[in-house]
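Below are the structure tokens for one structure; questions will follow.
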Amino acid sequence: MSRNFLNDQTIDKLHDKCAVCGVYGVEEAAKLVYLCLFALQHRGQEGSGIASYDGKNIIFDKGQGLVNEIFKTENLERLKGTLAIGHNRYSTIGESHLKNVQPIVADINLGQIALSHNGNLVNGYELKRELVEKGAIFTSTADSEVLIHLMAHEGGKRHPLKEAIINAIGQLRGAFTIVLMTKDELIGIRDVYGFRPLVLGSLKNGFVLASETVALDLIDAKFIREISPGELIIIGKNGIESIFPFEREEPKFCVFEYIYFARPDSFIFNNFVYDVRKLFGKKLAYQDEVEADIVIPVPDSGIIAALGYAEASGIPMEMGIIRNHYIGRTFIEPTNAIRHFGVKLKLNAIKSIIKDKSIIVVDDSIVRGTTSRKIVKMLKNTGAKKVHMRISSPPVMFPCLYGIDTPNRKELIAATHSIEEIRKYLGADTLEYLKLENLFSCVNSKQFCEACFTGKYPIL
Amino acid sequence: MSRNFLNDQTIDKLHDKCAVCGVYGVEEAAKLVYLCLFALQHRGQEGSGIASYDGKNIIFDKGQGLVNEIFKTENLERLKGTLAIGHNRYSTIGESHLKNVQPIVADINLGQIALSHNGNLVNGYELKRELVEKGAIFTSTADSEVLIHLMAHEGGKRHPLKEAIINAIGQLRGAFTIVLMTKDELIGIRDVYGFRPLVLGSLKNGFVLASETVALDLIDAKFIREISPGELIIIGKNGIESIFPFEREEPKFCVFEYIYFARPDSFIFNNFVYDVRKLFGKKLAYQDEVEADIVIPVPDSGIIAALGYAEASGIPMEMGIIRNHYIGRTFIEPTNAIRHFGVKLKLNAIKSIIKDKSIIVVDDSIVRGTTSRKIVKMLKNTGAKKVHMRISSPPVMFPCLYGIDTPNRKELIAATHSIEEIRKYLGADTLEYLKLENLFSCVNSKQFCEACFTGKYPIL
Amino acid sequence: MSRNFLNDQTIDKLHDKCAVCGVYGVEEAAKLVYLCLFALQHRGQEGSGIASYDGKNIIFDKGQGLVNEIFKTENLERLKGTLAIGHNRYSTIGESHLKNVQPIVADINLGQIALSHNGNLVNGYELKRELVEKGAIFTSTADSEVLIHLMAHEGGKRHPLKEAIINAIGQLRGAFTIVLMTKDELIGIRDVYGFRPLVLGSLKNGFVLASETVALDLIDAKFIREISPGELIIIGKNGIESIFPFEREEPKFCVFEYIYFARPDSFIFNNFVYDVRKLFGKKLAYQDEVEADIVIPVPDSGIIAALGYAEASGIPMEMGIIRNHYIGRTFIEPTNAIRHFGVKLKLNAIKSIIKDKSIIVVDDSIVRGTTSRKIVKMLKNTGAKKVHMRISSPPVMFPCLYGIDTPNRKELIAATHSIEEIRKYLGADTLEYLKLENLFSCVNSKQFCEACFTGKYPIL
Amino acid sequence: MSRNFLNDQTIDKLHDKCAVCGVYGVEEAAKLVYLCLFALQHRGQEGSGIASYDGKNIIFDKGQGLVNEIFKTENLERLKGTLAIGHNRYSTIGESHLKNVQPIVADINLGQIALSHNGNLVNGYELKRELVEKGAIFTSTADSEVLIHLMAHEGGKRHPLKEAIINAIGQLRGAFTIVLMTKDELIGIRDVYGFRPLVLGSLKNGFVLASETVALDLIDAKFIREISPGELIIIGKNGIESIFPFEREEPKFCVFEYIYFARPDSFIFNNFVYDVRKLFGKKLAYQDEVEADIVIPVPDSGIIAALGYAEASGIPMEMGIIRNHYIGRTFIEPTNAIRHFGVKLKLNAIKSIIKDKSIIVVDDSIVRGTTSRKIVKMLKNTGAKKVHMRISSPPVMFPCLYGIDTPNRKELIAATHSIEEIRKYLGADTLEYLKLENLFSCVNSKQFCEACFTGKYPIL
């Protein structure tokens, strides 16, 4: 039987729903967008799309799979022009996929526009219902389509583009980082809480917007600054216009970008992810003392925190679990199932490191606990004397409403089990999560959302 | 160099733009729709789509290419349910294709609907402009999207489904044969002129709508009747409701369905295509007398008319030109071009039949004349003494506005050249078209559109 | 369930096993070979291969499927050079396919060679066993590999190329039409009985070898002559050398090439296939008298014979059965099977032609009878008053040993049933086969193999 | 322009040419082989093949690309049986690929056999020439075909299987690790020097042979032992037979398996690769003293050695370079090239770690130096104060003759440049290689091949 292990629940992580980017004012803009999407592949592997203005129309191409599987030379050659935007989409199972791959390209009363969206609208369903009642038609289930409808509703004779956008955005509640293009402008928008990141870079005479700075790095773009929460930035032939049309709020950055989503080499929310992530590991080490021979990370998610943990604890780090990076989308499993098959396709423990050792295993988070449990078993089978599980984030107890793909509350193991119960389920000798106060001692606590840990949702 | 010969202008024929079909009330409705689309493949080879109601949602799948290239077992298994519709699309070059493949599936205030459309709206652009001004967004360039917008605009609180459809349809001017589905109804609509065909069949406890009866034949459905011009038929759990909400007009059936488009084994516009097509051939033979040794058809388009011609003239028919049916989408041509390459990939003349013979070549129509010219040359090169070209339709002088893909007027050879000039261009010894009065003596002349021959457009 | 209908037993025909061709002395030889293979597609649809000498090595490319699916521009660009050969392979089910696709390219003591083979060795297994005992290794199951081994065994220090070939060929018993290339010569060989055809054409300064003349037609090559039975032709920089190194025999051409395999527009065995095939139809008409309204062919195999039948009998021919040419490799069948599904995907009967008529149905042959039976049922269901089945060849009672894919004797309906029993099985009102003496009155009877009708195998 | 970056010379590493494996005595043997090949994917990414005995024949399937791209459920279902072998092939550019993908399956006088080979024959060309002179035919350029020919030559009436193998093997000079199957036996062979690894595992009632133990780990096989240099092991229904038919030699294991090729979690040559690789890093640290702020590995190849270096030197390790693991086969590069494009697709430096720091960069080896140079530049551009390059192996000065893909001597930077010249070329502040004596102090020096460092080839 063939199974989809990329999406397998056994590899249980939270997942960011998307990456967005746009390039303005440079030849072969679509090729640069393509490279940005490649650099942002970790934010979405279901499908990708690129739209560009070819001098006559906004045209686009999109497909399912990884960026470099979807786009071939001939696709990119067709996407001519100096203005383009792109989107990576995170994989969700069992839906009619292609219709939801962005950017959405539409003809509206403001002309042709294309739009990429990262985040989740809290009032998306409500807005859609109202629009549908007024006679709107929806051909996808993406929040992005709601936004285009709102813009169309506000636009035309009523308002020119900027006002239409502002009026449309003003009706949205939730998390949205948007990259939008008309035939001659590249526009970036971040909601007033700034849940999801968006950065600005410069490139020769042009500009780049992207979810993370790693996209700038790959295409030799110079990092200028992050787009601010509540900022609307319009890049056109008169340069950059930046406005803040909405009432300011205290930011609510997503702390999980630091914990897991963002690439460690990205700079977002005013810090390098690497530095914050390593600090989480250190704080975790200071939290309690445990006697152990070695610290090992769950690769790759736990590596940076494990480095911090090892440094703070003085216990040496070893790469006791090796990851196979050739893993593809689906795998064929023999009928007589192999123990811990899903985990073993990705991870393997090294006997000479593990055997007879007391081990501190560092991972970034536990969602359902199924994978962590298999890892603990694998280590015990490999001869570990003790397995001390250390998690560089607090227990995830509440689903995210702002663009992170979280399972139902009842599937979140920490929502229904005490830490001691989780420890037993995992089969670990000890289990310790990073305490919320310690997490927030590493960053400006007021500026981060804590909803997934405490249920304090900043917006409902 | 690789060239697309399926779309090559050298194979110059008029082309119907689409096929539509729908199945109600039978298990595996999507698989039956798939077979209908296969039977209707001659009406569109660019791409196909199928939508079905799976008990929760209307889902769909679509792709580019031939029906049996697009749909695999796993696609059809996913399209569960007892209600489904489908669409084949004719190939046009150079567009961003996939977005225009139908059915269009949308959430509107009347619920989820899916729609397949065959035809062309005369006021499509005008309606779209008005809708966009009112705030509508368009994600494709298909007329079908206009229709869904109109329905949404009329629907919701204003009107229930039936009234919304009637009000929406009432605003359309042009040719439209529509198959539409909601979650529990299959709906067929034909414009008051009835340009394009639509037939109704029964199947166990279910029903089928399709562009031609050949689709019914393949799936063992019983032919009930044609949907009438101006008829709106709603198939639901209370059976079939038929209404005629629009002012009646004299029908304007498309006579080119008889001349070329429809399969000869289809029954449409109250006749078997085969019978009418053969009659055209007979009338053509009666029109003038020519001394010749044999009648040969241009395969496959000219075969039925040639049979009629041979029968009426008493001159024996031979299959002097053989067609290669393995032709695919693209072909690689050697740099040193081969004479008449595009034609020869499809057609080859047989020396022992052709050499030293006076030949009557029968084809259904001439559009640009490029292919006919190559055929005449091929026959002359093969040793034909005389080539008498006989065309079983009048000269095509005006573009169609009702859903047939015709070139610009200036590319229609008969629009700018006399018959004698065309004969010279083709290199034929004589050339004779079926006269309009003879064409219309074969069918009820009042009920057919003659716009492409005379420019008398029934609706503008 | 998805089924392979191209290979479906319901479409029961005998099949030729291969096409061969080669081009010498022209730029882009591989592209011309590609076109030849396309023209010869009817002789094999499983897979195709092309080998060319690129100035350093004989390189090749091959794949499964149709010629224009396998070879893209980039494949053919790589196959540089002025000398190339090709091969189409007929589909057999359930084997590990790719290894048997030809040409076979090998390094032997005579240098690099590539070889394409059409036919079947009677002593292939025996030769292979001997070679294996001597230490040869076989990586395919193709007879062609036997031949290369024999050449290698005879070649090297022992003999130069020509003698090695002659000595190798001298050991073969059976049917073989071979096209072979070294780095500088194109070689054609036909067994002394000449079972399978091979023709020679010229092209600018170059030459072409191909199974049928239709390949020459497509690439504008001039037909020179057929390669004779027992002839070895070597085309090199000194021109053409023709030798007859083997004892002459009375030819045993395969009459089924005329009955069904070869394209009607080909000239082989000194005649145009069309002429002979039509004559078969005439002879069949003269054989007995039957009262009927119309003659209809089973398309496309029966068309030419039906033309002859209609002409000789004076009964008009109608295309009462229409063939769908879009048929692909596999089809998905609904769970509740449709009557005569396999046949109906390809064929449909026209009611207005068939209903209440006495019909003479002409087909070229009956193998298992399963398809013919479904055709008769379809005609009866469509309202035929009488169905008179007429077959333009004698009953096939014995399997072919010379390169035609025939089922086991027990599956050949005529091997185990009388004509009357077959008639009953088919459900036809009358059934008549072309008598052997009438078949052979159309051709030089002494020069044709009759084994499949009489079991008189010319070589065992 | 699209470029193949997987094969790009800019990512210059030595590469192992292959992985081999086999499974005996377990249901679904081919599926287990498939998993073994996946675990061994790092040893070859060009193509893979699997052969199995299905009860009647040895059948096989193979293709180009990664294991889980090539084999789908339907392929593996077809490869029935309890005995199967497999092969991964390393990518070499510009060859007609598919013909060289193994296993080779052949019918010989010993029956059907299939063979996978890892290594390189020193006398392969010579043996081939002799065989060709004797009349052998070669259809690939793989050494494996030579071996099958030798077996066939020795086999048949002359000798039964075992003797034929022994006699054949006896003629080989070079490196060969072979997994071979007949219809009822699985056979493993390792040359007397044991250049390439081969391990034995048990599985229920069955056995497994594989290049590395990671393959056993994935399928839950128990590691029994390594096959010894010069050992011939025959696994059949009477259990395991082990013989040493050849004169013993001092082993010459390939030390590069420890340095780079083998996965760190494998146990080969009597050690865990991880342990030895880390020891190399420690020894490198002890070799000289350098003042630096941090140690960073070039991921992933330098990670384990960097851990050792950091531990021995007391300088903290940071993951200052991040690797993108989504890299695919080809990438499209904008016309205006991006600086260090090839490297940046894979690697990115983190400013907050690198800036203003003195950095020790640890990598496993330098081949051409092109990639190392780009890494140094990237670090300097990111603000590194000093870059101290440390290589955990001696300079590679001589090409490998035993199965490692090395460039020509003139392309090996250390063959033509002094270490100081290399340092300058790289732009590093200091450069230090692990000294040969230090390398060999970590392992049993007598048992390892040092040819690539010293040119002392154990066999020529």
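Each chain gets a letter, A, B, C and D, in the order it is written, and its residues are counted from 1.
Please note the rule applied: contacts are C-beta pairs under 8 Å (C-beta built on N, C-alpha and C of every residue); 3 or more make two chains touch, one makes a residue touch a chain.
Note that the structure is a prediction, hence the values are computed from the model and not measured.
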In the touch network of chains, how many steps separate chain B from chain D on the shortest route?
2
Walk from chain A over to chain C along touching chains and report the minimum step count.
2
Where are there more C-beta contacts: A-D or A-B?
A-D
What is the distance, in whole Å, between the centres of chain A and chain D, each centre taken as the mean of its C-alpha atoms?
35
Based only on mean CA positions, could you tell me how far chain A sits from chain B in angstrom?
48
Mind pulling the residue numbers of chain C that touch at least two other chains?
none
All touching chain pairs, where touch follows the definition stated at the start:
A-B, A-D, B-C, C-D
Within their complex, state which residues of chain B touch chain C.
1-2, 27-28, 31-32, 34-35, 38-39, 41-42, 45, 66-69, 71-73, 76, 214, 217-220, 263-265, 267, 272, 274-275, 300, 303-304, 307, 311, 316-319, 322, 324-336, 338-339, 344-345, 348-353
In the complex, chain A touches chain B at residues 59-61, 96, 99, 104-109, 128, 132-139, 145, 148-149, 152-157
